[in-house]
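Beneath this line is the structure, given in structure tokens, with notes to follow.
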Amino acid sequence: MTRFALLRLVQSLVSLFAITVIVFGLSHATGSPIDTMLPDDATTEQIAALSRNLGLDEPLWRQYLVFLGNALQGDFGMSLKWRGQSAMGVVLDRLPATLRLGGLALLISIAVAIPAGVVSAVRRGTWADHLVRGFALFGQSIPAFWLGIVLIWIFAVGLGWLPTSGHGGLAHMILPAISIAAFQIAALTRLTRSAMLEVLDTEYVKLARIKGASETAVVWRHAFANAAIVPLTYFGVLAGSVLTGSIVVETVFGWPGAGWLAIEAIRARDFPVIQAVVMFFALAFLLANVLVDLLYAWVDPRVRHG
Amino acid sequence: MTRISTSTERNPSFRWLRAGGLAAALALGIAAPPAEARDVTIVLDPPSAETNRFWETSGDNNLGPAMQTLLGNDPVTGEIDTSTVAHTWEVNEDFTSWTFHLRPEAEFHGDWGPVTTADIVHSYQLHTSNDSILTGLTLLRGAELEVLDDHTLTFHLPEPRPNFLFAHAGRGIMLIYSKAQYEAEGIEGYDAAPAGTGHFRLTERRIGEGVTFEAVEDHWSGETSAVSTLDIRYVAEPATKLAMLLAGEADIVALPRELQSEATEADYAILSSTNAAMQTAFMFGNIYEEGVEGYNPELPWMDIRLREAMNRAIDRDVLMEVLYDGRAEKLVRFMMDPRGEGYAPELAERFDEDYGYDPERARELLGEAGYPEAFADPVIPIISTTLGGNPEFPVLAELLQVFFDEVGLQTEIREMDWGTLGGMSRARTAFVLRPMRNAPIRPSVQGLSIFYSSAGNPINFVETAQMEELATAMNASIDPEERGEIARDAFTYLYELYADIPVASVGYEVAVDPDTIVGWTYPGATAIGLSHWHLIEPVAE
Amino acid sequence: MVLDVSNLSVQIRGKAGVIHPVDDVSFSLRPGETLGLVGESGSGKSMTGLALMRLLPQPAARITQGRITLAGQDILAFSDRQMRSVRGRDISMILQDPQTSLNPVWRIGAQVIEALRLHAPGPSTALRVRAVELLRWLGIPAPEARMRAFPHELSGGMRQRVVGAIALSSAPKVLIADEPTTALDVTIQAQFLRLLRDIQAETGLSILFITHDFGVVARLCHRVMVMYAGRVVETGPVRRIFSAPAHPYTRALVASVPRLDTPEGRLPAIPGQPPALWSLPSGCAFAPRCPLADARCHLKAPPTVVTAPGQSAACWRPVA
Amino acid sequence: MASSRLPVIPLALLVLVLLGPALLADLIAPHDPYQSHLRNRLQPPVFAGGGWEFILGTDRLGRCILSRILHGARYAVAISAVGIVLGAALGSALGLLAGYARGWTDAVVMRLVDISFALPSVLLALALAVVFGPSFSAVLAVIVFVLWASFARQVRGEVLSLRERDFVARARVAGASHLRILSRHILPNVANTITVMATLQLGVIILLEATLSFLGIGVPRPTPTWGLLVADGRQFVVSAWWISFFPGLAILLSVLSINLLGDWLRDRLDPRLQQV
């Protein structure tokens, strides 16, 4: 188990290192931050001075080494767009907003999808099953940004129940979280359903019934305990796509989280922030996956001992 | 003064939804408490830089409510006036020494004391430092400041700068920061909340969300804002902005013109700046003469007949209607404004004749030029781009394509972000038709020399011997009449050259909720279009 | 009679139409008796077992007629809750595949304890002790250690013993064993059968032993019931069935018995395929494959006739 | 488990909304999708008070929504077909290689898979668009990037177990070359999985294209891709709802029917594949 955990950790570190190269290369390929920072009427002297100030006149490999050295210490440099703040600071400042939103989205996904998937599998072929599958298909067929705008119009403008946008309490989070969660709910529901169907068909579930176990115990303690492994393995991917989903949805709802930050940073060629935020996303994703693998091993004794 | 009548009945199609929704919201207890009338929420496009260090931005002043420049603008005419820290100014004959007299009563927010010349010197140093990336900085840089007393100082300039005041009002690239605060708190103090002299005090900046200002009680100017807090929120998505207005979350919203009709149909009002705030145009890339870096004889629009044809292919009436909902004026010449130097009214009179919609003539011109056979690459690349404050640019690109196609021009739309476009233009390889704006409207001579001569910055649309000569003469002259003459010649020259596709001269507009806002008079004289925040008139309680 | 089944029919509504995998099946089981239920796959023998447990696949399958009387009670009239208390306590079942019959993510102990607790709740220490005893009773070596093991850590034979322990945990009166040894190799199979016999001798358990393997039947069962296409074709004492089968189908089955090397699940030596349940012939279902079939066999379903004391067959032309 | 009958309704829907228009757009579209009728801007659909000339109304430049949607189907098909073929081919090839060769090759491919999952695709797309400018090929590149890793992972897993099976061992003993084993013995066995995954991913691609258009990094205007149509009309959700609604509906119906078909195909070909 320890060996397994260590191996996964080392693999993740290797990936992370490769990602630093990609992120650095890509952010520099996007062009010079000077193009976005300076006004159209900037003079030649202004351009040269800024280039010097930002260290952009150094050779690329040296810029990379400096970047890597500093990044290891958690220092990505000063933001070019949010002047006066460190890139790390800007990211740390925005990250909680995304984690809150993403967390809620994840929570909604799980809270809705798991019971829906289980019910749909247990009551297979009934109207409940058809309803759940219909909703799941619907959720997987609608672009998140469009759903977000439609939700704003219905619940904020039309009904006036919830605020349209902005950063605030739980009320502000509901619509964007649903917009992010919609696709995930759909995916997770389908996944849970198919996993449950497979498990419900097994002999050990039959044996549990033979024992005289109640239907609740059979479905949740016997069947779901096994079927859960499948959605669990998906959580790694889920965490990643929640982050990605937040990029679009944060723009629609004016929710200033890390996704919004990433878009703004790329548009402004704010290299330090791009690098910091992408590294954070990558790190979060890799960690989530290592965690999922470990959880997986913990839940399924066969993996643990194999 | 812009006034609007308050209406009681809103768009009925939302009424019924609201009625039910409101009851449910009350039952659920999650509705936001109704905002106090004097708390005003304004929704704007996110600025290009979010920072309290104005000198480290390109000059989009989002500190406006709190920070003032040496001089101000008249809310109605937009003329530079002495409504802010300085009460008078003088200039010597050759425009090299500008003296300002500060108001003794002007003081900073908090306990940072009165404004003195030391603050001006300090602010000048900040704004002309190496970190400064402000637009039009050449106008400000290189001065020697002579402090005459606590309230009088002189800027000694290395050469005549007849438009020097534009750096202090209008473009306004030097905000007055407190030296005392800097000495006490350092740059961190500014980053937290800089003390200014405006009618509002900055209380909080939330990255990505906005800035909050609080009205200063008993402001030194004697005018106190009727608005008590000003919550400026940054939202990029137009649909969301409109939703915020219609949901009653915002009082004033900078809406794209395309969406303004949605607001007016629901009985919201549009408030325009009292003057034109910006000019828009489509520029032909690199109309250069041989020998100039970036000269490319193969560009189809190097043939003046094509430039005329393109101008004539456009039905500008439709353009005004589609892009600006009819609330804009056709632009005769990019950078030329009736209020500025060198205004040539005869060009406006000739405009229909020379630039008017005439697809027949356009086809003829193309025929004469041998288009497309005589051109190596006859395809006209049109840039579609987004720029905060100009949501119409992508539509403009599509419309140009429609009109060009109509007369037989081959076109291709290329999407590109503003930064990349700038990089290309700077490298002088922008072999495209690209949108451009002039906001706030620059002094004529400055505008002409920036974008139509090689002086200073690398981005140039025209570089010809004749234009260089005119620009040099213009910049050398300190005789206002002579400068006007030369500017007029330059405008006429560019006009006859069909140097670009002038589009519109437009005011800045916001959509407002007439239930909470009565009016707001602002001249449209600043880079972001808005100013005079203390003149926002909320509905009386 | 501990178990009495009369005229039991099961219907499945599928995409291909309505089928009757169990059709008018009647039999009874005495205390301490082992009844072998024999047939090819698809003959309805497993479905009969599940019907007795009232664990037919939902919602496709349902019992359309008949009575199941277990220890004097009509269990078809029971509510779901009543039925749950009967399962495991009065009637229990062992499934075919020990590989998959145990929950892979639960420890052995937990699975046995759960079965005990369902019908005789008690403090967990007491349940634990009983679980260990139960495992020992089923011949599982070092039961304390095995309690902590996961199913994948045990051999197939051990796993089937654990399944047996779970099935017998509440001392049921009737045990349905659905091909419990098919997946085991021969020596383990023999051990397990011996174990079942010992337990039966000790407790007086009645067993319904579902199998396709006449070899197993010969070793374990007192009586045999043969099913074909959902119907009972012959019932009789095991000796009679082997020595004097009355139904041509039984005869063909018996003829193929000692062949241990045949692929599992399929009985050889009978030409043709069992009929599809959704297109049964109107007469005797076995008629198309029957060497003795005549016109009548193809037209009309045969009645069940007594061919010898305790032996009966559903055939127009039984071999007397 | 599932019906073996062809799912008629989804198939009909797919033909009606996606395939039919893609093939016949030129014939059935009432107008040129690029042609502006500036006097007829923002016309509502015929059943909401508009005229029969523009059945589903017009956009802000007076272009016929119906014609744009019909022509948009062409791009939807082109983007998803090319994207899926490239993505599946690349991913499957690498997955085959990794699973078959194991060792270092496997390690490298799997790290690449990790990396590609860990990098947020939308950000990557944004960066690509900034570098090369938004274009049809940039959109394809992003789609391939998003797709390949899941194919690689799935295929690798199956190959790992396949290569231990008897028929592979027999082929190896018989002296078959690696290429032959891969192409004759292993590939046919993972083909079903690839097919099913590909079908199910088609919907994902159409949504991704829409998202890219929303961010302004999709296929450049005025190309009437569905994503661009929805993104362009999103501001007019109240006054001119038809601009974004009908293309949105087209996306919804296509993805819906593709997913239904995918489910059906999965149940037929590869019921054990758990695909979201």
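A, B, C and D label the chains in the order they appear, each numbered from 1.
As a convention for this text, a contact is a pair of C-beta atoms (placed from the backbone, for glycine too) under 8 Å apart; a residue touches a chain by one contact, two chains touch by 3 or more.
It should be emphasised that the depicted structure is a prediction, and the values quoted were computed from it without experimental measurement.
Q: Which chains, if any, touch chain C and chain D both?
A: Correct list: A.
Q: Considering only C-beta pairs in contact, identify the chain pair with the most of them.
A: Chain pair with the maximum contact count: A-B.
Q: By CA centroid distance, what chain is farthest from chain C?
A: B
Q: Where the centre of all protein Cα atoms falls, which chain's Cα centre is nearest to that point?
A: Per-chain C-alpha centroids compared to the overall one single out A.
Q: How far is the middle of chain A from the middle of chain D, if each middle is the mean of its Cα atoms, in Å?
A: So the centre of chain A lies 21 Å away from the centre of chain D.
Q: Averaging only over C-alpha atoms, locate the centres of chain A and chain C and give their separation in whole Å.
A: One centre to the other, that is 51 Å.
Q: Indicate the whole-number Å distance between the mean C-alpha point of chain B and the mean C-alpha point of chain C.
A: 87
Q: Round to the nearest whole Å and give the separation of the Cα centres of chain A and chain B.
A: For chain A versus chain B, the centre distance works out to 38 Å.
Q: Of all residues in chain D, which are in touch with two or more distinct other chains?
A: Residues 130, 234, 237-238 of chain D touch two or more partner chains.
Q: Quick check on chain A: which residues sit in contact with 2+ other chains?
A: Within chain A, residues 31, 149, 153, 157, 251, 267, 269 contact more than one other chain.
Q: Sort out for me which residues of chain B touch chain A in the complex.
A: It comes out as residues 14, 17-18, 20-22, 24-25, 28, 30-32, 46, 48-53, 56-59, 130-131, 133-138, 187, 190-191, 206-209, 233-237, 239-240, 243-244, 246-249, 417-420, 422-423, 425-426, 436, 450-451, 456-459.
Q: Going by the contact rule at the top, pick out the chain D residues touching chain A in the complex.
A: 1, 110-111, 114-115, 117-124, 126-127, 130-131, 203, 207, 210-211, 214-215, 227, 230-231, 234, 237-238, 244, 248, 251-256, 259-260, 272, 274, 276
Q: Give every residue of chain B touching chain D within the complex, in rising order.
A: Contacts found on chain B: 238-239, 242, 246, 256, 258-259, 261-262, 265, 315, 318, 322, 384, 386, 394-395, 397-399, 401-402, 405, 413-417, 419-420.
Q: Taking the touch rule as given, give the residues of chain C at its contact with chain A in the complex, in rising order.
A: Where chain C meets chain A, its residues are 53, 55, 59-60, 80, 84-89, 92-93, 95-97, 100-106, 114-115, 118-119, 150, 152-153, 163, 166-167, 169-170.
Q: Which of the residues in chain D end up touching chain B in this complex?
A: Those residues of chain D that touch chain B are 34, 36, 38, 41, 60-61, 130, 133-134, 216-217, 220-222, 234-239.
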